[in-house]
Each structure stands twice: as C-alpha cells, then as structure tokens.
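Can you keep this structure in mind? I'll have questions shortly.
Letters A, B, C and D name the chains as they come in the text, with residue numbers starting at 1 for each one.
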Amino acid sequence: MPKTERWQWYVEEFSPTEAHHHAIDEVYFAGRTKFQDVAVIRSASFGKMLVIDGDTQSSERDERIYHESLVHPALAAIDHRREVLILGGGEGATLREVLRCPDVARCTMVDIDGDVVTLSKRYLPEWSAGAFDDPRARVQIGDALVFLKEDGGTYGAIVSDLTEPLPDSPSHPLFCDAVFTDIKRRLAPGGVYVLQASTAGVHNMTLHAKMARTLRRYYRFVRSFYAHVPAFDNDWAFLACSDAVDLAAVQPSRIDDYVARLRGTSFFYDAETHRRLFSLPLYLRHELAKEGDVF
Amino acid sequence: MPKTERWQWYVEEFSPTEAHHHAIDEVYFAGRTKFQDVAVIRSASFGKMLVIDGDTQSSERDERIYHESLVHPALAAIDHRREVLILGGGEGATLREVLRCPDVARCTMVDIDGDVVTLSKRYLPEWSAGAFDDPRARVQIGDALVFLKEDGGTYGAIVSDLTEPLPDSPSHPLFCDAVFTDIKRRLAPGGVYVLQASTAGVHNMTLHAKMARTLRRYYRFVRSFYAHVPAFDNDWAFLACSDAVDLAAVQPSRIDDYVARLRGTSFFYDAETHRRLFSLPLYLRHELAKEGDVF
Amino acid sequence: MPKTERWQWYVEEFSPTEAHHHAIDEVYFAGRTKFQDVAVIRSASFGKMLVIDGDTQSSERDERIYHESLVHPALAAIDHRREVLILGGGEGATLREVLRCPDVARCTMVDIDGDVVTLSKRYLPEWSAGAFDDPRARVQIGDALVFLKEDGGTYGAIVSDLTEPLPDSPSHPLFCDAVFTDIKRRLAPGGVYVLQASTAGVHNMTLHAKMARTLRRYYRFVRSFYAHVPAFDNDWAFLACSDAVDLAAVQPSRIDDYVARLRGTSFFYDAETHRRLFSLPLYLRHELAKEGDVF
Amino acid sequence: MPKTERWQWYVEEFSPTEAHHHAIDEVYFAGRTKFQDVAVIRSASFGKMLVIDGDTQSSERDERIYHESLVHPALAAIDHRREVLILGGGEGATLREVLRCPDVARCTMVDIDGDVVTLSKRYLPEWSAGAFDDPRARVQIGDALVFLKEDGGTYGAIVSDLTEPLPDSPSHPLFCDAVFTDIKRRLAPGGVYVLQASTAGVHNMTLHAKMARTLRRYYRFVRSFYAHVPAFDNDWAFLACSDAVDLAAVQPSRIDDYVARLRGTSFFYDAETHRRLFSLPLYLRHELAKEGDVF
C-alpha cells in the first residue's frame, strides 16, 4: 500500500568533485574491523558489494572481470603452477580463480584482516564459491610482509591483491625496495608477479605509470593491462612482472589450452579477452613511455 | 589508520526537485512490516531517526518539539484529563508525554502496526522512556477506526498521531465524515481533539488549510498551531478542535500550573512556548481565512 | 519530444554530514566579485535564490519572512524613525522594508560589495522593488566599519544584515569591542541596534547565544527573536539591542498602528507575528541563560 | 578570503537507482533548442561537457576516445574514402576526425538541430577544431532521413552519430527497415556503415545485442566493438556493417599506413587500439551469440 522510496544510498566519492550514488537495497553488515571500515551491501544496480573505507572493493555483477584478469593471464603464461601465493584477497575470489586451475597443488593466501575473510564467508559466499574449503587452500591471517620475510617457499605466481600505494594510504609504505626484493626472492624461476595496479583511466593513470616505472627496475618484462570494471567507475589496471615471460606475447593457443582445462565456467577471460587486456590504447602507451619519478 | 569516509546516506526526497541528505552513522534496522517500510538509523546530525516509507517520523534531537506540541496544549486546556486516547503514535513518545501528566488515570493507544511498537521498544527506548510499562498505559494493536466504532468509552482528549491525508496515501480515506463523527462521539464533554495536521511552511500549507476548513464544520473552535521541527525540514502544524475550549485563549497561569505538575522535565513547552505556537504569522492566517474545498 | 531531466542541482552543504539538494531551473549569474562567489539561480521549490559562497542568502519564496523580521520589530518599537542605517543588505530588500515606513526620511545603506548591489538590481528586482530609486535611499559602496568611524550622524535604528561571525569567516573580526563601540556611538537616544544573529535551531544555537552574551555587556535590553526561514533550512535568529526599549514588551496596539501606516502590503509581520517572534521556546531560553564565553 | 564551496552540480541519472554527480565549474549555456534541452558546462573532472536532455554527450577529457573509435576503424578498412556521410554529429568532432584523413574529398554532415551546431562552434571549438571551415565539409541542417531519401550520392563510409533507439526516445522510429534500406542504398560498393550502438557494459548490453541482431539481416559482416568512455560511465559500443569488409580482420599494417597519413595527432586510435576495440570479452560474445528479438 504505502509508497516505497529509495531512502538509503551508498555514495562513493572519487574526489571532492565527483561521486557515484547507488541506491541500497540492503545492508548486510556495516562495522569496523581492527584495520578498516567494512560494509557489505546490496545495491540495486550491482548486486552485493563489498565496501572498505568508503571504496568499492568488488561487486557481484562484475567481480569476475577483476578477479579473472588478476589471476588467469599470469597462470596461463607460466609453466610451473603448483605453488601460488596471494597477498591480500580476503574476499576469496582470487583464491577461487587460482583453484579453478587443476595444476595448482597449493594456493597460499595471506591477508591481514581475518574479519574480512569471516565476513566474506558469511555474506559473500558467491565470491569464494567453496574455495576456502578446498584442501589446496592454505589461508593465513597475518601481515603479508612478515610472511614474505619468514616463508621459505617459492611460487610460480605471486598475485598481489593489496590496495594501491596512494599517498597517505596504509599500503604506501609497502611499495618499497625491501618489499620488492622479498617478493622477487619468493618467485620461482620462470615465475610471474602480478598485481592490481591502480587505474588506467584517461584522467588518472599517473599512479599506475609510476608503479610500472618502479617495477621495471626489478624485472625484465613489466606489462600493463587493464579492464573496465563498472563498479569501480574506472579502467582498472594490473602489472605483470617477470624475468622470463612477456605476458603480452603469450600464444593464443597456449591460452586456449589453459582455459579449456579450468574447472567451472569463465565469464570474462579467454584468448580473445587476453588480446584485449594487453592491447593498450595510444594515450596509455604514451603515459607509460614517459620518464618520471619512482617509489 | 585508513581514512573513514561517509559512504552511507539517508536521502529524504520532499519532491522530485528537493531532497535532504543525511550521513548515516548506523543502521539499526531496515525492513518491511505488514504495513510499511521501516528503518531505524542514527544520523550524524539528528541522532537516532525513525524513517517510514522514506519519510522522517521523528529524530532523537528534536522529537520532543513535536510530541510536546501534540500533547500538552490540549491537556493543559481541558479540565478532565483522566481518560486520554491516542490514535497511532507507535514510537511511544506521545504516550510518554501524556503519562507525564499525573491527572491521567488511563491512556489508551491504538496503533495498527505492532511491529513499529516492537521496534521502537527495542531501538528507540528514549522515545517511550518506560511509558509502555506504565500501568496506566493501555496499548492496543489494531485499526483505530474499528476501535473508535466499537469502543464505548469517552475521552477528555483524543490525540491523533496518524499520517496526514495526502492524496494516494493510505490515510487519505481516514479523513472523512464517518471518522469525524466517530471521533466526536468518543470525545467527553469539554474535550479536545488534537491532530498532527501536515505542514504550515510558506510553500506547502494548502493541505493544512483544507484540513482546518473541514474540521471547522464539526467543531466550534478549530485552532491551528505549529512548530518548526528541524528533522522534518518544515514547520509542522497541528489542529486543536473543541466545542468547549479555545486553545489560543488559554490563560498563561493555567499553563504554568499544568506544566509545574508534569513529571520529569520539559524541553520545549510551557506558557511562553504556547504563546509562540498559537501566534500565527500573517501569511498563514491569510491562507486559513481562504474559502476552498474540504475533505 | 525528448524527456526533460533534472540535471542541474544546487547543493547546500550545512556540514560534512548534511546537505540540501535543490533542482535548478535556471542560472542567471554565477561568478566571483572582488569579495565573494555569487550566484543567482531559480530553483524549482524556492524560486529565485541568491547564493553567496555556497550559502543561500535569500529566496523569492520566503525572503519577506527574513527581511520583515529584521526591520519591522525594531522600527515599530522606536519613536524616532527619521534616520535609519543598514550595514550590508546588498540585495536591497532590507532597504525596501525600511522605506515602507513613511516616517523614515533617509535610509543609509553601506555595503562593501557593489557587484552584489548591481547584480541584485538586474536579476532580483523583486527584492528591492524600486527602493534603490527612492530619493530617501542613500546607498554607499564601502566598508561599513570605515563608515561607522567616519560618519557623524546618528540613527534611530541601525540594522545589521552582515554575515554572522563564524570562525574563519571574514566577518569574524567585525564582531569585536571596537565595532560595538562605534555602532553604539551612532545610535540616537532611544534607538535600537538590530542584527541578524545566526541560527536558533535546536542543534546549532550556541553561536547565537554567544552573540547575545556578548551584546548584553553593551546594552540594557538584548532580546533574541527568530523565525523559521525554509530556504535557510533553519530557525533564523536576530538580536534587538537597546538601552531604552525592550522589544519583547512592545504593546500590540503600537505595532498595529505602525503596521497600518506601512506602504504596500506585509506578508509576515504584524502584532501577532511579533508575539510569535519574541515568544521563545524553553530550550532556547535555557541556552540563552547559560554562562559562557563572549567575543 | 571567503571559502569557496562546491554549490553547483551536474547529476546524471542512469536509472532511478544510480547517478553520477559532477561538480560544475561553469555553465556556458543552458537552454532549449527546437528539439532538445542543451547545456554546455565545465566540470571539475571532465572539463567542458555537452549535456543533452540530461545525458552526457561528450567531454573535453575523453571525447577523442569516442570520436576516433567511431570514425577511424571504418575509414582504415575501406578503399574508397573520397565521400563520407555523417548522420548527426552536431558537435563537429566526428567531422573533425573524418577530415583528418587526406583521402576524403568531401564530408557531408546532416544534423537536425542547427542550434547544437551553433552552440558547439561557440562554446566547444576544440571539438570541431576548424572542421566546419574546411572546404571539404558540407554541413546540412535537416532531417537525416529526408536527406537519405532525397540524396543521390553514394558514400564509402556512412557514420551514424545518432542517439540509440531507446524505447520512448525520439530516435526509436529511426531504427527500422525503411531507414536501413535507405542507408544501404547510399553506401558505395565496398563501403562501411558504422554507428554508435548503445552500451556494452556488463549490466546493460541487451539493446546493443538487439541492434546487432537486427543489422545482421542487412549486412554480411556486422562487427561489435567498444571502448570505455569515462564521461559516459560506461563501455560504449559501435557496430561496423559491411558486405565487403570485416573490420575485425583488418591488417595491422594497413591501419599503420592509414594512421600515419592522418593529419594532426591521434590520441586513442592506432593498430594496437584497433586490436583492443575488436577483441571482445567472453560475456559480450555470449550475449551477441544469443537469439532474440529485432527491431
């Protein structure tokens, strides 16, 4: 009988001059962990969303674009996929994608915020889709940097799902020489270090370019790739770093073979999508070719 | 460590061209009862708020302005305060104010939505402040119209806290001759029927004037009064109807005596406030003097 | 044929947690004077609006509530109305109201921002309604403080339409002993100094109370009064200061006589409205009775 | 001195549950032509923007992504570029891109709204960049459908910059058999018809797929391609239709040659960008492969 009005909104401010407003259908959880403000909501347009410190982390409607991009180009490119390491990735979707590959014998995931893992299991089970219960999953709650220092293993792929090093962000100090050296030491020969690497949108690609410049000092091949993730309102970029493999030059047939052997169904990624991801528009190539400061 | 951003907002749309945005600190409850969409939130500026069907019902910061205005001018004016009837008023704050008067022997409250009463007890205990446990309180969950028809009692004051009869609103049919007649039949001699009666703001006072015109057909004295309630973003109006008492002419000394005997402390109302409430600005008197249609 | 959508909005932020959104029908002017950002718009709900530095200054729909309150209680109360001084008031509506009184022989208005006067003449002619062309008007563009120092005249009423002394606001330094002394020196015997004096809303009345406390050091009678001005989303307060007249005690018959002689028609003010303005709710009287710091 | 606040916002509503808010720095023009509501503003994030009927048409920051995508893949693919026809395209940026190609001897542009052309020349000169003064430009103000019927010429490329056929939109009737037949009749042998074709975002690609299905009835090759245009908050799609050329199979070397001969500098498009544009993600290929209704 009574009118139903949209009274509750999630407002994501990108800057003081830009914001995206999403009508909220339901708030599953809103609170503070030891590390961050966390909310799990359902928006009318994007379905369930994980919001951390006011920023969209992933949405039901398009999280597969992000997570398939983060994981599969790297795994398709490498030969030795038995051991994979994920830094961050508390929702469990990165883990889910890694474990879709039958060659993976063990996937270690280290996330500092155990509450995000717990909340994701409860409210976002579609993200992990059972991956936390996979016997190949080794989930550790703790500081990724400490893990990298203390762990003795090596990994065919190291997948970093950490926040990008924005000025004043807690992850800013993590983007430094000591960490790069630790990561590289954990990378098996022929391995790939892939990381989410800020935005590649036409008006905010400088941080990504600076990350790329920095990592070129450590690796022979540093490739940018990106996908538009609607819930982020942005082109989201990644970097694939390796001394052995150039991800922009992986053969389509190799990708076809890799994808064909994945468990479950893919939504976004295959050989044609790989070609899209690594074919960069002119303006981004210009930006990446610029000299500039590094971390 | 991480920045804390305002991501969650309550947007109250007054019309397609006007809205008030309130940052939300916490959502205590959001759901649907049998009758309406109900939310209990805490906003940064107004404290706890009850929101029904997207409209603010009352706020912690200023609910006493509304509830003291609704109850005390009428009770101060009448001689026989033993029996009081409240129509609606699920939050319990109208009941609280009525029971502050020691002359009240029994206060009957009839609200159709038992879930609102339950939610208010749990999340808004400051509103009822124990009133639901007062032995003088008789709370009935049911249709006020049915109650009015079937009940045999009479009341010194009948206090209507029902929604105003907006077109297309569920309370529109309640504002009709049959109901007026039932209410008048339940009013004890010398009694006052007081109701919340929409807005008296300079750009939306026509519904109030129409309500006043309508009730003037039933009562000798029909007085408009209003207070600005910040959480409503509006001047909120009431009507006091009686064949015996003119609320605009109550002696200040009588009000002083009445207020002095109230239990607890008042926030808004006393003799000087009464004078403010019933002293109407010129434009509102002009509007109220106009001829026009009735319900 | 094509749909017409509301794409342009005026957002007034009251704090980081509260904002009012108004759909804009037309922007007449938006720019920067030597002193401030000025916009003249037409909103769907309030008609034409003057916006300075992002804050609503007045709206077509309700500016008469503000300007009649600022001018007429003071003029009604004093005996000698020949000379009136307005500080600020660039829109011309304060001048308009003063000149409605036939006893005023000359009204001096001093505003620092000549561009606001020019813009108001062009875009808001309803505000001044010809007052700038009245031979009794003496409009000076300049610093009110300098004028007060250099001018040799005295005034039966001094009406201050200046911004309130918010911290960090340019008018903060104007609220100091030197200025109070200058103003008092310009006040004729029996005169009244009236000023707009911030808000008296239930959740933001401390600045008003501090202004009142401060002025009580200079005048025998310092009366608060306020009206809800919808376009301000707030109860707007004024202070009437005098050593001779208590504005809260002016006889209704005196006000009736005063109002009857005004030219044109009044919208808001008369003796009954005066009673409303000066009858303060309990909570505001409590706030005004508190000890506290002064300017 | 005074604070400068963001008071003026452009709100683009994508649906009742989603909106993007842009702070406005300046409004150059806002009014109504014979056909539509038109505004030219400057936003803080996107620079100048053209807004028609509440929807972003193009922005200074990224219009080249859209206009280079609309024009160059088609021109690169065809052999005979002497005659090009643009339907719509009032801002002049499509014309600008066509005329960058030295092989074009004449570019005819037909737009129904002469006021948009005039406004664009005055306020958005960066869009046309002199193209309206190029002797090869033939600009006609009129109905594109009438032109198609009456014109006797044929064109190597027909570029449609018309609004997509949303239900209830004025361009809905333009997407029909009669028009398709007229367009095809104006296409020279070996020619390409390219059109902007709604969105390919993961949650709103059904209209694009329906447009593609419809056009497959008329052409041997119908290729979808898209680019993320940040100011549109969406992946924007195009369709390239031809009986002679498959735009997804154009040789990179041919594109390199084409681009090298363009006048001025490109921002977005070259052979690598072409590869990105025509490499579609899995979910979009699935959507395009579905059976379904047609126009």
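The rule is simple: contacts are C-beta pairs under 8 Å (C-beta built on N, C-alpha and C of every residue); 3 or more make two chains touch, one makes a residue touch a chain.
Given the structure is predicted, the values throughout are model-derived calculations rather than measurements.
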Third chains touching both chain B and chain A: none
For chain A paired with chain C, centre-to-centre distance based on mean C-alpha positions, whole Å: 56
Rounded Å distance, chain A centre to chain D centre (Cα mean): 33
Where chain A touches two or more other chains, by residue: 6
Topology of the chain contact graph, where touching chains are joined (line, ring, star, complete, other): ring
Chain D-touching residues of chain C, taken from the complex the two chains share: 1-13, 24, 26-27, 30, 35-37, 39, 51-55, 168-170
Chain A partner contacts - residues on chain D that touch it in the complex: 6, 14-23, 43-46, 61-62, 65, 201-203, 227-228, 230, 233-235, 266-270, 272-273, 275-276, 279-283, 285
